[in-house]
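Two complexes are shown next, each including chain A; its partner changes from chain B in the first to chain C in the second.
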Partner chain A sequence: MAEGITGPEPNVKRQRWMAVLARASVTEIEALLAGMEPPRPHIRLRGPEIGLVMARGRAGGGGAPFNLGEMTVTRCTVRDAGGRIGHAYVIGRDPRHAELAAMLDAAMQDEARHDRLERMIIAPLAASQAEARAASARKTAATRVQFFTMANMR
Partner chain B sequence: MTGLDLPGFADPVGDAQTTFRALLDAMARPGTLHEVADLAAPPPLGAASASVLLTLVDGETSLWLDASCMAARAWLVFHCGAVLTDDPATAAFAVSIGMPPLGIFCAGNDVAPEESATLVVQVEELGTGPAYRFSGPGLRLPSLLQVAGLPEDFPVQWTANHALYPRGIDLVLCAGARFCCLPRSVQIEMG
Partner chain C sequence: MAYVAVKGGERAIDAAHAWLAEERRGDPDVPEITIAQIGEQLGRAVDRVMAEASCYDPALASLAIKQAQGDLIEAAFLLRAYRTTLPRFAAARPIDTDAMQISRRISAIYKDLPGGQVLGPTYDYTHRLLDFRLADGAPPADDSPPASALQDMPKNGAEEGAAAGRMKPVSAILAHEGLIEEDDVADAPPGDLTREPLAFPAGRDLRLQALARGDEGFLLSLGYSTQRGWGGTHPFVGEIRVGEVAIEIDPPELGFPIEIGDIIVTECQMVNQFKGSKAAPPQFTRGYGLCFGHGERKAMAMALVDRAMRAEELGEEVIAPAQTIEFVLSHCDNIEATGFVEHLKLPHYVDFQSELETIRRLRREAEAFASQDRREAAE
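Right after this comes the complex of A and B.
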């Protein structure tokens, strides 16, 4: 357990795995979970419940925030047998996704299971998400317009 | 351990609406007993006080906790989204085990009497103990209710609170799964 969860910045690590779980799809998570021992029982403290959050953005020179629009979010909070609390907020209306992500968030806080879950679940999901991002960036880059004519014109 | 071990309402919308309706009835008929659905409440709170708080308190109302309720703090913060305050004079809601002195809470002002605090007080038992006689709006005839666990000078404190009308504090007395309401308009004497 070189890294563990109690590094210098435990919140940063937790944020990272929560983000990876929130971006993954249920099918991906379930496929990876199928290769592991069955998840331990948990109780639902809240949800899964569907609601709206206001997504805000910043643009322009001043960077003043503005309301971009509302988006659907599903949230869930669970507690596992060890008293660890897992939270999840995921985009969309899939209660199963929110519960799986919350359950894995709780499990990831368990020192004994952290490294194995990181290797078996989080790392593959993060890799496929990075790959998808890179592919989309490549596609975008292919259609990039270089305004060299304007730069050279006097 | 974070102290957050229990879920809130099983059906957040339905249960909150049912409890809210019961609270409205209880406020309209001071001193009548009402019951909430079963809820696994965090100790030391009972089902009634926990349900009432889940129903009324949210992120826009400040909540003051009596020192004896601190064990339920994490649960209240998480499930109600409550904003806790240390100063009882600024609290919109207060929860305590046993009756705190009424004078420390905000009684509103003449322009905005609705800004007064609502106290959720958990007493030992409703239906046994010393009898109190209630009269006032909502009661055709004075009604009697036995409440165990109120301080001896409660009728005196309440007379002072009632004299502030339209200002004044509203009370929700809870014990186990039962509760009754004492709005500021009611007059209380020993029965």
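Right after this comes the complex of A and C.
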């Protein structure tokens, strides 16, 4: 993705990187950040703070919604030196995770840094998440029943 | 009415709690269990605590299990108490179970359903023999599949694609013929029993919320009772699936939805024979189960009880406990139940004194009547 953050659907790109950062671990993000210039300072506008999100299901799988139960979530909002606002909501209770994700959300909105961050941080995280899903899908596929019919027993 | 002094227990309580901590730790020569070990190796216990606490957080559930010495109801109580200390940021969009990254998906009604029968990590087909190799910290016994089984699979093909893409629920197959009831499409905001006290009759949204956090043992027994004829529903497992679903919220500050991560859930679609009534034509009806974590027994029991509680809606006679909405919802929560049962062991000295006085008085009166009767009989 070398075309920056503008384009027909900038929100779609932002949704993608926010989702990738939410699914990443702090260890992974910090390891990738270590290979780059130090992040620019930011101001915390909100949090990081821990709270709850109510998960919902649908009756019968596709019907009216119902409240399934809550989960812990950490959120953070930061402003970088350029005035860009970064938001993050991540499942779990790791303040560092939410703050890193918010900081990177702000940085990714900076045209000057976007492509490099995409290449150095977001793309590798997305690749490792895709690989984890593929590995899980392979394990799942190994347990798929292959029926065979006992034909012509005569 | 004077107050009765109940002070004086502090030292005893302190000593009791000190002993509890010592007992929780056990023999100091045995290594202390870690939260990570509980999370990784006692996952089904962690899942059950999260479901019944109605709070998804594997690390906190693991801590609660450690603190409660493995008492899972106490652990759910601890986690639910913690939950009350946190603000709620948002309600998520309903999870899309068709898009689940499945680790298990089976149907008992169609052998060759699209996407196939995927067993996943299951205790089904194990022999339920104690595996003494585990006692020695050795790898599990030979009847578990060789690790090579996990390599022997298509790396790419259509089958993996089926696992990774959208997978329609099995009920969609019957829907083509119109032989199964469809989901209602109402999209009203659901009721929330954590915010509003339950009122009866409770709608299906509140019933499903209560069942999702209900005690697995209670729901299992109620579901079992329907199978034994106490409000029979003629169930088949249309489908059970276990896997990861994305959680998506709409933060107002953003103006568009974002995914904040994945959680593991178990879903059960129960398909029930239904001969028809004044309210509905003959067709298959459905009961639904959905819970946090890997909890097939819970999801199946929930689906059975969900269907049983729809008796009145479907024009069936309400005759059994599992069909009685107020009975089920008032008693399925194990935190409430344990609170009311276990409070009986707290001091009731004054209550009991007054009961004792009452019994003494009644006894005196009864004896007075009896002696009067004897006198009258003698005269």
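In this text, the second predicted complex is superposed on the first by the 139 of 154 C-alpha atoms of A that agree within 3 Å, B and C clash if a C-alpha of one lies under 4 Å from a C-alpha of the other, contacts with A are read in each partner's own complex, and residues count from 1 in each chain.
Going forward, contacts are C-beta pairs under 8 Å (C-beta built on N, C-alpha and C of every residue); 3 or more make two chains touch, one makes a residue touch a chain.
This structure is a prediction, so every number in the text was calculated from the model and none was measured.
The superposed arrangement places chain B and chain C next to each other on chain A without a clash.
With both structures placed on the common chain, the touch criterion links A:Gly51 to chain C but leaves chain B unconnected.
In the superposition on chain A, contact is made by A:Gly83 with chain B only, not with chain C. By the touch criterion stated above, A:Arg40 is placed in contact with neither chain B nor chain C. Touched residues of chain A were counted for both chain B and chain C, and C has more of them. Of the two partner chains placed by the overlay, only chain C lies in contact with A:Gly69; chain B stays clear of it. When both complexes are overlaid on chain A, the residue A:Arg119 reaches neither chain B nor chain C. Remark: least CA distance from chain B to chain C after fitting both complexes onto chain A is 7 Å. Shared contact residues of chain A, touching chain B in one structure and chain C in the other: 77. Put simply, chain A touches chain C in their complex at residues 11, 14-15, 18-19, 22-23, 50-73, 75, 77, 87, 89-93, 133-134, 136-145, 147.
Contact residues on chain A toward chain B in their complex (touch as defined above): 43-46, 49, 77, 79, 83, 85. Looking at the complex, you find that chain B touches chain A at residues 1-2, 4-8, 12, 78-79. If you check the complex, the residues on chain C that touch chain A are 50-51, 54-57, 59-60, 83, 86-95, 97-98, 101-104, 111-112, 116-121, 149-150, 152-155, 159-160, 163-164, 169, 171, 183-194, 204-206, 208-209, 212-213, 246-247, 249, 251, 253-263, 265, 267, 269, 286, 288, 290-292.
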